[in-house]
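Two complexes follow with subunit A in common, the first pairing it with subunit B and the second with subunit C.
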Partner chain A sequence: MLEAKNIHYTYPSSSEPVLKDISISIQPGQVVGLYGPSGKGKTTLARILAGYIVPNRGQILVNGESMPEKGYNPVQLLQQHSELAVNPRWKVKDILSESSPPNNKLTTALHIKESWLQRYPHELSGGEIQRICVARALGSETRYFIADETTSMLDAIAQVQIWKVLLAAVEKNKLGILAISHDHALLKQVCGTIYFFSENDGLCPEKIA
Partner chain B sequence: MLTVKDLNITFSRYYNSFSQTTLNPLHNIDLNLSAGEIVAIVGESGGGKSLLAHAILDILPTNAELKGTIQFREKLIDSNTIRQLRGREISLIPQSVSYLNPLIRVGKQVCRAARIGGLTKEEARMATDAAFTRFNLAPEVQSLFPFQLSGGMAQRILVAIATVAGASLIVADEPTTGLDPDRVTVFLDLLRMLADEGKAALLITHDLGAAQRVADRIAVFHGGTLVEVVKIADGSEVDNLVHPYSRALWEALPDNGFSTNGSSFSSHRHGNDEPLGCLFVKNCDRAEHRCRITYPDLVPAGNNMVRCLNA
Partner chain C sequence: MSAGTFKKRQAFSMGNRKRATILSVACILFFAGLYVAGFLLDDGGLRTNFMYRNQPPSFEFLFGTDWLGRDLLTRTIKGLCISLQIGMLAAFCSAVFATLFGLCAATFGGKVDAAVTTLIDIVMSTPHLVMLILISFAMGGGAQGVVTAVALTHWTRLARIIRAEVLQLKNMDYVAVSARLGKSKMWIARKHIFPHLLPQIIIGLILLFPHAILHSAGLTFLGFGLSPHNPSIGVLLSESMQHLSTGYWWLAIIPGVSLVLMVKMFDILGNNLRYINDPQTSQH
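Let's look at the complex of A and B:
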């Protein structure tokens, strides 16, 4: 289980806290949705869960233990702007094998084409880079996956294709996913639980009919 | 107001030091846009939608070659005339608020856009004040820097910059990506208001839902060309799509089934190849032998224009 316990966080440049006493947990094989207005700390929470930011107070536990400091991070974050998450001077094939050698089944399911591998990131479209990033983040040691607006820049068909791959991993490898999106209809399709992120009350669970 | 005729764009690209190959990412585009109308362009990510906008504004990369014509008010747009039109008659609403200059107060940025658009100093100041009132921004906002604005305010500033000099054609390239639903609504209402005042707008988006809320017509892009153009009656939903790709796009929306039948990917056409067959043929469940050998034209089918032999 991936747990965030009583997280508080204030950006160094600001006096207002972004996150106040936030707790959330994601079970293996569960897809949790997070929904709410912009600028209220959803992305900050995602970065804390993946270990990019250390919270002021509170802790992150992966299966009851704190996050490993070295080696493969079992919590993988897929950032909103994937073109900023790849090294512009690396070829796509190097980016793809950064975490572990690419899995052929996965690259086929994501419709990653052989011809992209010899190119640099600027020669691919945003949607194509996003597929590369999904493949990179779904290494065999990934247990939890934080999808921050993963498919917001893609067309509807590509969105379905990527989510099918993610949901297959949930089914097969008991991956746990936190999906952050403005698209409520999408969250209703893919998530078992949806939280609404409100400024005053923190996370409120939402009933799904 | 805008007429695009038989537009083709080819790119040449070196695949090793000595050999060149050409790509044909945009072909056979015919589209017209009249005053008061919003046409939404929807379709594949990376399918050439932005290239069309770049072609209209003449900001294509240097290795692109353009064939066909683009006319604005019966006048041909080329690299000389576009200089007169860009920023005055035709303006762009960019994708992200990071296009604002972070070091200049926003009032000054709007004013500068008005000056570039050909207004005198005095007129520009008045136009700026008017734009702020019109887009519901308090006069104090003029002296703020972009980082002090909320996302919604920053977006209204972008619209103000695009319209302050009285541009009559507005090209909006993915303006709603990543915005929360309230802001999307605000933006779409602004666009509708501008169109109702007699401006024309080209809304490039992959959000079919947003498109059907404001647009008068929706043009569906696939494989670098238009496969369907649908008229939308007021307030009605698009349920009469004909082309198999547009149908697939519609059925993939989370509200409409979230389904996909196999792959949607089209390969870009290579410049040297003759058009042979329909570009959707590999993914189409209604494909027949003639679809593999005949390239379909955009023809009327019911109320729509469709590029499909089975329409």
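Let's look at the complex of A and C:
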């Protein structure tokens, strides 16, 4: 289980805390949705959960243990702006195999074409790079996947293709997913539990009708 | 020339990788040829020959001869060759300083960064030529004086570039992702950061050449650089001053123009290498 316990975080440049006493947990094989107004700390929470930011207070536990500082992180984050998450001097095949050699089934399911492999990131579209990043983040050691607006810049077909792959991983490998999105319809479609990031009370679970 | 205007011009006149590559190779071949020619030429042209004093450029003496009957073509080639050697050495030393200081400042941060930045500011704020003359004079002139002077005064710009580049690269998303994918700091430095830095260093180094060459010629011209026995371009130019008023124009114009051409070629080489090396522009 991926747990965030009583997380507090204030950005160094501001005096107001972004996150106040936030707790959330994601079970293996569970898809949790999160939505809420802009600027309330959804992305900050995502970055804390994936170990990009250390919270001021509170802790992140992966299966009861604190997050490993070195080595492959079982929690992988996928951001909206994936073109910043790839080295512009690397060819796609190098990007794909940064952690481990790419899984052919996965790349086929994501419709990553053979011809892309010899290209540089600037020769691909945003949606194509996003698929590459999904494939890279779904290494065999990934247990939890934080999708921060992952598919919001993509067209409907690409969204479906990527979510199909993610949900297949949930089924097969018991991957736990936290999906952050403004697209409430999408969250309703894919998530078992949805939280709303509210101004005053932090995370509120939303009943799914 | 700023990178912006260069890019614009590239788009119109040399908008392809092929042209940039050909130009770069041509420049490199020219420098290599000059270097070899400087070594292979015998000293015959440097000997005084009073039979042929003050000859204007002709088929026999392409660049003419000076007031002692020495062949100006030989002297110019030897002079450019010496300038090239001194320029390379000085630019190389500068680039090494710049890389060390820039890397230290960006990697250690805090007090080290503050110290290096202050040092850069101090060196940049002192008048260039005065520092060059002082250092060269203190080192006793000659090649070592020129090289030390240029190396100690020219590392600052490249150091700033490298510092900024490392600071920026350290905060890139793909570096953070790489760490989460289980890569060590050394691996990230080697695979993600260094490949971005290397072209900066090489191009910075090449763009330092013209400065180094011009300053070594300038120092020598002013009498603080190489000794008059060396037929360096600075010596040639400084000697020619005494003969300009007598109408021996070729003594000043030809070595001067050759020097400017060589410096311009380094500029072309540096900018074209930058163009080739950037994956954004290299495939146009």
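Convention: the second predicted complex is superposed on the first by the 209 of 209 C-alpha atoms of A that agree within 3 Å, B and C clash if a C-alpha of one lies under 4 Å from a C-alpha of the other, contacts with A are read in each partner's own complex, and residues count from 1 in each chain.
Everything that follows uses one rule, which is that a residue touches a chain if its C-beta (ideal position, glycine included) is under 8 Å from a C-beta of that chain, and two chains touch if they have at least 3 such contacts.
This one's a predicted model, so the numbers in the text were calculated from it and none came from an experiment.
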Fit or clash - subunit C, subunit B, common subunit A: fit
A:Gln30 touches, of subunit B and subunit C: first, second, both or neither? neither
Partner chain in contact with A:Ile157 - subunit B first, subunit C second, else both or neither: first
Which superposed partner A:Val86 touches (first subunit B, second subunit C, both, neither): second
Which of subunit B and subunit C A:Lys188 touches, first, second, both or neither: first
Subunit A as apex of subunit B and subunit C, Cα-centre angle in degrees (nearest 10): 70
First, second, both or neither for A:Thr44, with subunit B first and subunit C second: neither
Which of subunit B and subunit C A:Tyr120 touches, first, second, both or neither: second
Which of subunit B and subunit C A:His111 touches, first, second, both or neither: first
Shortest span in Å between Cα atoms of subunit B and of subunit C, once chain A is used as the common reference: 7
In the complex with subunit C, residue positions of subunit A that touch it: 50-52, 70-73, 75-77, 79, 81, 84-89, 98-99, 120, 122-123, 136, 139
Subunit B contact footprint on subunit A (complex, rising order): 36-39, 80, 111, 124-128, 149, 152-161, 163-164, 182-186, 188-189
Complex contact set, residues of subunit B against subunit A: 42-47, 150-151, 174, 177-183, 206, 208, 248-250, 252-255, 258-260, 263-265
Complex contacts: residues of subunit C adjacent to subunit A: 172-174, 176-178, 180-184, 192, 195-196, 279-280, 283
